[in-house]
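Structure first, then comments.
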Amino acid sequence: MIHITCLNKFFGQHHVLKNIDLTIEQGKVFVIIGPSGSGKSTLLRCINYLETYSDGEITIDGKPMGRKLIKGQSVEIPASELNQARQDVGMVFQSFNLFPHKTVLQNITMAPQSLKGMSAAEAEALAMQLLKKVGLEEKAHVLPYNLSGGQKQRVAIARALAMQPKVMLFDEPTSALDPEMVGEVLQVMKQLAKEGMTMVIVTHEMRFAKDAADQVLVLDNGIIIERDKPDKIFVNPTHPRTKEFLSKVLEN
Amino acid sequence: MAFDFSVIFLGQNVHFLLYGLLSTIFFSVSSFALSLLIGTVIAFGQLSSVTIYRAFSLAYLSWFRATPLLVQLFMLYYGLPLVLHVDTVAWISGIIALGMYSGSYSSQIIRGAIQSIDRGQMEAGRSLGFSYPQTMRKIIIPQAFLRMLAPLTNEFISLTKNSSLLSTITVVELFRQANILIADTYRTMEFLVAIAVLYYLFNNLIGYVGMALETRFRTGGELQ
Amino acid sequence: GCSGGNAPTAKSDSVLAKIKKDQVLTVGTDATFKPFEYKNNGKYEGFDIDLIEAVAKELGANKVEYVDTEFKGLIPGLLAKKYDLVVSAMYITDERKQTINFSDTYFPGGLSIMIKNSNTAVKGINDLKGKKVSVQIGTKSAKYLEEKYKDIILVKVETNNDMFMELETGKVDAVVTGLPAAKTYAKAKGTVKVLPETLTEEFYGYGLRKDDAELAKAVNAALKKVKDNGTYDQIVKKWFE
Amino acid sequence: MAFDFSVIFLGQNVHFLLYGLLSTIFFSVSSFALSLLIGTVIAFGQLSSVTIYRAFSLAYLSWFRATPLLVQLFMLYYGLPLVLHVDTVAWISGIIALGMYSGSYSSQIIRGAIQSIDRGQMEAGRSLGFSYPQTMRKIIIPQAFLRMLAPLTNEFISLTKNSSLLSTITVVELFRQANILIADTYRTMEFLVAIAVLYYLFNNLIGYVGMALETRFRTGGELQ
Amino acid sequence: MIHITCLNKFFGQHHVLKNIDLTIEQGKVFVIIGPSGSGKSTLLRCINYLETYSDGEITIDGKPMGRKLIKGQSVEIPASELNQARQDVGMVFQSFNLFPHKTVLQNITMAPQSLKGMSAAEAEALAMQLLKKVGLEEKAHVLPYNLSGGQKQRVAIARALAMQPKVMLFDEPTSALDPEMVGEVLQVMKQLAKEGMTMVIVTHEMRFAKDAADQVLVLDNGIIIERDKPDKIFVNPTHPRTKEFLSKVLEN
């Protein structure tokens, strides 16, 4: 499904991702964990080329996202191809990034209407259904400013789902969600996985990783130091850095 | 020495001034429309990664913003016939010159507002699959619009007054009408006050609309 | 009428007294009207300048100070007492007389027609029917043509110089303006000519505040002296022949 | 008709124009300083909860922004002596009138930028114990400053050109010098181009400084 | 320590806090939990009068914060008194609200320098010590934009601590923190409690509430429906809404 080949990312002199090779299978839930600053967000953002990189290739369902390797040379794909490809990848940000000038409903209907040619009625029906899923039907017509942090993130998830993407990327999706809703959102996410959705999730909630992940990746200092089923990683990690990280995290 | 404002209402004078006002309104509104168009083109040029477009925009800005409108007007209206032997029509030259001049100012207002938007907005738009121009049009510009409103209102009001320079290229407008009446009657202060009142009314209408739009487009997250 | 202020006569006397005491006459002018008043290398020159210097001497001032401003600022400046009188090739008109006072006339001007050298079709005012003619707003020429020759298309501009621009760029067929200014321009440029026929007579005068009756009297007396002692003729000769 | 730019370099002409340029620079810089001061006072007045201060600010704005500068200049310089019998000095009146006029525009630029700041910033400042004025001064205004820069640069440049109206109240400045030279030589286009070049240089210096300040004050969170 | 008397808060017609009476004792950690929209953030913000209310009184150490009751009438205190009182109350926001135009160090030194008259050197020493506490010494001289979400929140906590307040208010302080740091921050908070600091914390992390709270308040629909030791609340809640809420929250 997602193939990452020889990905390198620099911020100036700072080598943030180092020769990442990774294959993520379809319909699975991948959780990325690791210390702060290890490059989790950066890796996730590279997947839909929001973070540009100069070296490597990432493909989704065979289609390149951002760059492709031609005879070992990494070249950028045309903008239109990238925009098309991004429609298949939903993204949920740590800082929500709702559109403040649009109502909750409009935040959700905008993209499907403009990009998938859905009628207003169709898009609204879909949006209402998604708002119901995240428990916010009654907020359909307010501006984002009037929502609490948790509510904002739920709208952001609904907005991404509205494009009916093949892959969903989450950068700490539940860190701002209130616990009553975490269960429901997980439900939604599991449902999506069943329907064939591939999900890549950066999170600090180890409990969630244990429960929901098919695979856990441990990133440290720009390198994938471990990748396995959650029970393996959490019960019997091989890498000493993983042990150290997990002991700190699980201590409280 | 006292003033005698009754002179304003003598004969055709009021009618004469109102005709000037209508003309001023016509020229200001048309050139402001042109100004917004040009301003947008130049603003995006300045942000563009296409070198030639960016260079053109910077050159445009540096000339049209930095030199006096009167010089630009003269060059267009008198200079073109002298140099290229083409004929120029006063009122059309006037709208074009005003629009091009004001467009350079609008461009900086538009660019400044766009650049001040949180970059997370662009990321959210792009990650949904919107192209760069789509994200600009649907997400960034509508938010930047609110931040442009106060300075664009300034620019529009300023334009109504700059339009008085059109009288130097024979166009009839409000200030010119007052000058004619003043030259006739030597009631300088009286007629200046009279047109000040007319400008006051029209420009505060613009100011009011600007302020109403600001209120209308607030999202609640701003300071006030 | 605008008789308002009723400034005490003591004040008007004091203007004359002040001139005598300081030996300085302060004059408002718009130095962009060749050959009456203009600046050459920073120095004021022109017919008006030479004449007012002579008049000033008669008034007991050995120095004239000029305040240069745009024409439209001259009358307000006079009323606001920024200078003692206006010397700026100003026509004496009834409208202006309602606001300010004028000295006796010191020179007759007349309206004339200026056309391009290449133009041989226009020989007089009657050839301008249906043609475009540039005039300066608020001047006698504008009024005169408007009333007498309704079939001439008037293009009104702000300044003298704008009229010349209109003619040079072919936007108008002719300019109607004061003879001296037109002649000076034609001589300097060589691309235009002034027709011999003049249309009307105008009279130039100094602008004075209405309250300064004493000063007006003194100025008129001084003018008369300058005319009588031959200085005036010399100055006229210098500038107009 | 041909142009002959050598006339610009005849006699004292260059010196004469440069003197005008220095004067224009002096008047623009002084009045812009005044404009920023007044703009700040009026901007805060508009945001104030003190009714009389707010009403004063709105009245100020509606008069000084909406009426022609020439009228304001005449009223100050010629009107005050006529009505109140006080004496006015041309260059001081000029700076005051220009500053008051431009201040009304600056006020809207300042107000608009302040209002666009995220309200979380005010809450964070207040919760630390800063008073409202302290929070404004230390937290809100420095951030708003970046958003003001583009339109304030516009306003400054616009002011350099508006200062040419000072010639109507006997003040020597660049444009007047050109008009005087034109009257003597009849070289309209040549001298207009000459002063256009001088304005160009000075105003693009302002534009450059404005742009450099923008780059300097970016925090990284903005779009570009 | 904190006395809340008869507090009522409306948003327009919406009655968000209803006749709240509450005493919070010195040196204790109070955790407020409850469903989304129940008014937790609003209550917290009323404590330092960031959210104005028209009816009631809140005092801290006897000093009124915002309003005081005079013969049963609630009147607003002068601004200068409010500003002074706020110096004793630190606040940490869900959305960080760091000052983007100041470096991390300046974010922290600003208030103590201006308001407590600390010298630059003193304030910087204090700031560096606090940055060390939250594990961000090496970020002292960067602008907030360059920090990850977790890093931002840690700076925000340091900024509030720099005023050496008597009370600290936290609106979901750990929701954006990375787990490696949660332990350390808790450490800091416990240390503060020992030094006599009173803390009021809105959080969705039940684990944290169980471990760290002296008292747990359950807010529902603008009313405190329950207040007790955490073991009581989590093990044996009396109110049916509490049970319902906790069962949903603890289910995942």
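Points worth noting:
In this document, chain identifiers A, B, C, D and E correspond to the written order of the chains, with residue numbering beginning at 1 in each.
Assume a residue touches a chain if its C-beta (ideal position, glycine included) is under 8 Å from a C-beta of that chain, and two chains touch if they have at least 3 such contacts.
All figures in this text were calculated on a predicted structure; none of them were measured in a lab.
Across the assembly, the chain pair joined by the most C-beta contact pairs is B-D. Taking the mean of C-alpha positions as each chain's centre, the chain lying farthest from the centre of subunit A is C.
Each chain gets a centre from the mean of its Cα atoms; for subunit B and subunit C, those two points are 37 Å apart. Between subunit A and subunit C, the centres computed from C-alpha atoms are 81 Å apart.
Separation between the centroids of subunit A and subunit D, computed from CA atoms only, is 50 Å. Shared contact sites, meaning residues of subunit B that touch two or more other chains, fall at 1, 74, 78, 82, 118, 121, 146, 188-189, 221. Contact of a single residue of subunit C with at least two other chains is seen at positions 72, 76, 79, 165, 168-169. Residue positions of subunit A touching 2 or more other chains, listed in rising order: 95. The touching residues of subunit B, when paired with subunit A in their complex, are 118, 120-121, 123-132, 134, 138-139, 142-143, 146, 217, 219-221.
On the side of subunit A, the complex with subunit B involves touching residues 48, 50, 79-80, 83-84, 86-87, 89-91, 93, 95, 97-101, 110-111, 114-115, 143-146, 159-160, 163. Against subunit B, the residues of subunit C that register as touching in their complex are 1-5, 7, 72, 75-76, 79, 95-96, 98-100, 137-139, 155-159, 162, 165-166, 168-171.
Residues of subunit D touching subunit C in their complex: 1, 11-13, 16, 74, 77-79, 81-82, 87-88, 90, 167-170, 172, 176, 179-186, 188.
Only residues 1, 47, 61-63, 65-71, 74-75, 78-79, 82, 105, 108-109, 111-119, 121-122, 140, 146-147, 149-151, 153-155, 157-158, 161, 164, 175, 188-189, 192-193, 195-196, 199-200, 202-204, 207, 214, 221-224 of subunit D touch subunit B when the two sit together in their complex.
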